[in-house]
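Order of writing sets the chain letters: A, B, C, D and E. Residues in each chain are counted from 1.
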Amino acid sequence: MRRDGAQPPPQLSIRGLGVVYRGRKGDVRALGGVDLTIREGEFVAVLGPSGCGKSTLLRIVSGLIAPSEGEVMLDGVPVRGPQPSVGIVFQQPTLLPWKTVIDNVLVPIRAQGKPTGPMRDRALELLRLAGLEAFSESYPHELSGGMQQRVGIVRGLIHDPKLLLMDEPFSALDAMTRERMAGELQAIWMETRKAVLFITHSIQEAVMLADRIVVLSDRPGRVVEVLEVDLPRPRLADVVASPRFAEITAHLRAFFQVDGPLRGARR
Amino acid sequence: MRRDGAQPPPQLSIRGLGVVYRGRKGDVRALGGVDLTIREGEFVAVLGPSGCGKSTLLRIVSGLIAPSEGEVMLDGVPVRGPQPSVGIVFQQPTLLPWKTVIDNVLVPIRAQGKPTGPMRDRALELLRLAGLEAFSESYPHELSGGMQQRVGIVRGLIHDPKLLLMDEPFSALDAMTRERMAGELQAIWMETRKAVLFITHSIQEAVMLADRIVVLSDRPGRVVEVLEVDLPRPRLADVVASPRFAEITAHLRAFFQVDGPLRGARR
Amino acid sequence: MNERLLNWLSPVLTFAVFLGLWHWVAAAGMVPAYLIPAPAAVGRAIFTVYREGTIWPHLFATGTEMLLGFAVGSAVAMVAAAIVAEFRAVERCVYPYIVALQSMPKVALAPLLIVWFGFGLASKIVLVALICFFPVFVNVLTGLRATRPDLIDLYRAFGSSRWRIFWDVRLPSAAGAVFAGLQVALVMALLGAVVGEFVAAQEGLGSLIQASSLNFEVPVMFACILTLAAMGAIANTIVRFVQRRVVFWEGAGGRGGTVVKGEG
Amino acid sequence: MNERLLNWLSPVLTFAVFLGLWHWVAAAGMVPAYLIPAPAAVGRAIFTVYREGTIWPHLFATGTEMLLGFAVGSAVAMVAAAIVAEFRAVERCVYPYIVALQSMPKVALAPLLIVWFGFGLASKIVLVALICFFPVFVNVLTGLRATRPDLIDLYRAFGSSRWRIFWDVRLPSAAGAVFAGLQVALVMALLGAVVGEFVAAQEGLGSLIQASSLNFEVPVMFACILTLAAMGAIANTIVRFVQRRVVFWEGAGGRGGTVVKGEG
Amino acid sequence: RDNFTFAWPSAINSGVAPFTFARQLGYFAAEDMDLRIQVLTGSGVIIPQLMAGQIDAAYASLEPLVIARQPGRPNFPLRFIYNLFPRSIWEFAVLDGSPIRSVADLRGKTIGVLALSSGNIYMTRAILQAAGVPWNEVRLQAVGTGVSAFEALRTGQIDMLNLFDTAHIRMEQAGTAIRRLDIPPALLNASSHGVSVTQAALQRNPGLFERFGRALTKGTIACNANLEACVRSYWAAYPALRPTTGTDEENLRREVEVLTLRMRNLLPPGSGITRPHGQFSDADWTVLIEALRAGGEVTNTNIPMDTLYTNALVPAFNRFDAAAVEAEARAAR
């Protein structure tokens, strides 16, 4: 938690957000009135059971879909369509396999129809930050899964977005790589200090990374808990051994508890 | 740890196990001299970096491939071919999509060419244990990922094996489901008390489940550490908050540390 | 349901516009009727050949060639693919030749097959079977080979026989690919039957098309062509229907993409 | 390398056995030579038609029909598939008809096309183009539709135009499927050219096969058939080679299975 | 120079030899034209091409034009200008050892025909009826030409093969002895094929067709005078069709044999009728019309002959020095 001086103004503010998907087999209510704010430079993690509408929330903030009710304000302006000032990191690396690493990093520039030339240096700089400078001319299929996901993170930062949206960015990786990646993300974040909306299924990951954790209920997703994580940064591997860490995870785990070790877990 | 009375005799004993894969691009040494014993009813977890030969180890124990050197003894008999007295749970659910849940559970019987009829009751009993009795006539595609993986575990137990081999059985699941599944596995294990060889990438999972944890080195895999986990059972969710748990995980994490938060993690 | 209405209306409208244009071109007299007959003339021809039943023997002949050839070719292909998939030695001996022959236009053999198997049904069945062989063979082989190795390991770990693994695991695994091959083969079968009849036949829609061409009966040609289109569509629908029933688990769970290899 | 030796030896041996059997059957005199000529006679025929160059004009004619028809049909199919994929209204209007026509044997149109487009190159190109259209269309459409939605979202999130998304994302995504369609189409093109020549032509391998059949020149028929097989194999190899170069990322990383739809 | 495209109704065979020989000897060049032979099968294909002017003339059988003159049929303004075969080329062939001695013995037998849609079937029917064999007491089997037809006869799938002259002789050459049944002269000596052109083209430029017909007549006479050179000209024009098996002499001998037989039907003299090259008689057509009427294919038999054919150009076809042509041909290689 950054409590140094005055609170920065909210970067993202979501009020009463509800979404109904209209489908052939009837309508699905994915989000049921979500309120959420993210301040400048704040790292907010969203925890919630599967299918509660986390990805939906992220798609609304990025302007890919429109909400059924409620409002999303980015920097005081309502979101009504694509938001180039937002960076996105997806669950899968989502790299174009026919582009080199650096061209993939430059995709947001290209997608906005701007010339990519002037941004190459910045792209190389970010790749260096992520330890990928040697691979800038490689193709995605020549990279390991963790490296690909790092490229995805670098790409999310290339156009210097005010807000970075991350949808379970590490869920496709194995447990060990995952832990390392969380460490690396923290390092990058501490260097760049973007506001981050980070979606995850992993309590440990959320506690490790976030300033604030928002817990959503089962579908339709509602905010059932907001928790400030007051562990000091940088949080290194040994933070998990701290009592405060254990306390916070235990508190969060209670939200996802089921009535017995065997029954409930239907997924 | 079960320290009650005399140690049972070793169920599985591996001595000096080495494997070399002969490939077109030269030979790959996957395991370089592994020693390991598993006692009756003991739960042993194997932790190791990606590609160090964990799956190879498991394939040798199940008799699917032959070692290049060393010996594997199961119940005092050298392993030389398929081992019907062993149960296997794979990383993916590995269910036959054209068979119902109960027929999938009965696959080990069928594969041995035995009549499945007499085993149906046992299969239903095990499915009940796993909370799946209502789904015995469903097809795999009608089940969620976690339920499918549970069917895989039940199948591993159907022929009452002396030893259960599990190769990262939960790695395809999301973090929350994963935690729940670990709890369920523990419950099933406590009920059946099979010897288990459990491979995982997750330190937390290993500590949560195992009596003993074996840490393998980078390829070619060698045993670099054997750690007895002396946490009491049943280990419920709050065990992760205990200092002993933190201590053990911290000790194990040290084996996988890299020289900085950003660099090293090339995967 | 605005959407649903559009989905129905659009193709109907397209068809109406198409018919209108066709009628206009034919009626305007810019093109002689023996080149492009009026839609009404085609309609009358279709009505006539079906009401008077003159087309039925031809439809029946083409259908017989197609189905028998398809059955023979597909059956042989499935057995061959299974043998090649299971026995490495056989694969070594024949696979290179099968690959080489795959891209050869089998219809080129039609005159030769007529020489060998005569003018009648046999030559057409052989031609159709040859044409059907390759797509089925390639798809079945691909399907058998694409069997998830973990499923095979599961059986192997219990000392299962190769035979049991084949029936329990490989064959059901390949089922989707088998049907994909059968789909392609069925359409190719119709093509083969028509070409065979072009080259030599006394019955069948292909020979009726040629006879109509000989007698400048363009409306009858149209009737035959539309009949062939309907036969192809019906055959295709049936295979797809059976496929959905047999390989019920594919598509349902979205699991396991099916490999489809095309064919010449 | 025992393995490698076997891989070479087995097919060679198979071929030798096959040749031996063939020779024996032909030499035993059980079958008249005009039914099954001796391998030596076929060899001589092949040698003669190539040495004296008498086959070249035919090979050239068939090749021209095949390649031009393939080019026209594939180009039209790609554009059509792109339009159908991008414009829902167009899809609504034409898609049902394309599906219905897909399983129709296009070769049935050959006599009609000869009536309409004359006996020359034009009718064969139209026939070949028609035959090539469908596999390319279906595969390109499938490919364009199979574009990973997350890649499209990535572009959409930055307000990218539909046009840019098409060029930057959809088209490269579909490239594998496009080539799969082209592979099928090329083989079908050769088939179409041969059938077109069967129906009416004086040049081309198809017509030479028919003339040889009329003139009892079975060895020349063999020469033509083998030439067609070689043409098909070479065309196929070239497409595969280009495919590996263009769609270099597929196969390399094992990412993105390619959908291949067959065709009649 | 005029380009003249002539439609050939089947795959190329040695039947084109008189044309290629005429071309080789410069007879078409002498008439200031280049001849192109275009394979086109079926009147449904040929007629539109003729009408569109894609081809100038076609080698065609006579039946379709009679049928086209029926009510309700498109009345194509075509006309035959040259009688190609004063004698029918169609034959009734049985195996040498067959018990069938005459057409009358065909009752209850199976007849192999080119195709069920072949126009020749009506003449076959007329021949059978003339011999007292009811049409419904024979079975028809389409056998095509070439090896498949011979195998059908050789293996007894059919009892009689009803193909044309050159097709049958190839069977004999392949080693199967056959016998040809006698056909009543009235029916035998009816034309089966001619050269058809559009009336419009004929009116516009009769000279063009006169020149074509003359070159063709010269070619026929020349071919007859030197069959070997005639065969060689065919091979030169269609090198891919030159046999690849056997010696040259042997192949030459075979082709000469084929052509000899063909010449018998091509040439008016020696066949019992004498008339100028290319000339039709009304009898050629009345026999055909009657056969078609009996077959139910024709209801209106009252067709003005001048809408079917014209002999107007025949004098021009024969206006040359035949002896000189023969001499020239004999000197050719």
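Brief remarks follow.
We take it that a contact is a pair of C-beta atoms (placed from the backbone, for glycine too) under 8 Å apart; a residue touches a chain by one contact, two chains touch by 3 or more.
These numbers were taken from a predicted model, which means no experiment stands behind them.
Removal of chain C from consideration leaves all other chains as one piece through touching. Looking at chain A and chain E, the chains that touch each of them are D.
Two chain pairs, D-E and B-C, are weighed by contacting C-beta pairs, with D-E ahead. Per-chain CA centroids place chain B at a distance of 48 Å from chain C. Inter-chain spacing, taken between the CA centroids of chain A and chain C, is 50 Å. If you average the CA atoms of chain A and of chain B, the two centres end up 32 Å from each other.
If you average the Cα atoms of chain C and of chain D, the two centres end up 16 Å apart.
Shown for chain D are the residues in touch with two or more other chains, namely 34-35, 111, 114-115, 199, 210, 212-213, 218.
Multi-chain contact residues, meaning those touching two or more other chains, do not occur anywhere in chain A.
Residue positions of chain E with contacts to 2 or more other chains are 42, 44-45, 48, 146-147, 151. Of all possible chain pairs, those that touch are A-B, A-D, B-C, C-D, C-E, D-E. Only residues 6-7, 10-11, 13-15, 34-36, 89, 92-97, 100-112, 114-116, 135, 180-181, 183-184, 186-188, 190-191, 193-195, 198-199, 205-206, 209-210, 212-213, 218, 221-222, 224-225, 228-229, 232-233, 235-236, 257, 259-264 of chain D touch chain C when the two sit together in their complex.
If you check the complex, the residues on chain B that touch chain A are 49-50, 129-131, 144-147, 168, 171, 174-177, 179-181, 183-184, 186-188, 200-205, 234, 236-238, 240-243, 246-247, 249-250, 253, 256-258, 261-267.
Looking at the complex, you find that chain B touches chain C at residues 59, 62-64, 81-84, 86, 88, 90, 92, 94, 96-98, 107-108, 110-113, 139-142. Contacts from chain E toward chain C in the complex involve residues 42-45, 47-48, 51, 64, 67-68, 74, 115-117, 140-144, 146-149, 151-152, 157. Of all the residues in chain D, the ones that touch chain A in their complex are 148, 150-151, 153-161, 164, 168-169, 172, 175, 247-250, 252-256.
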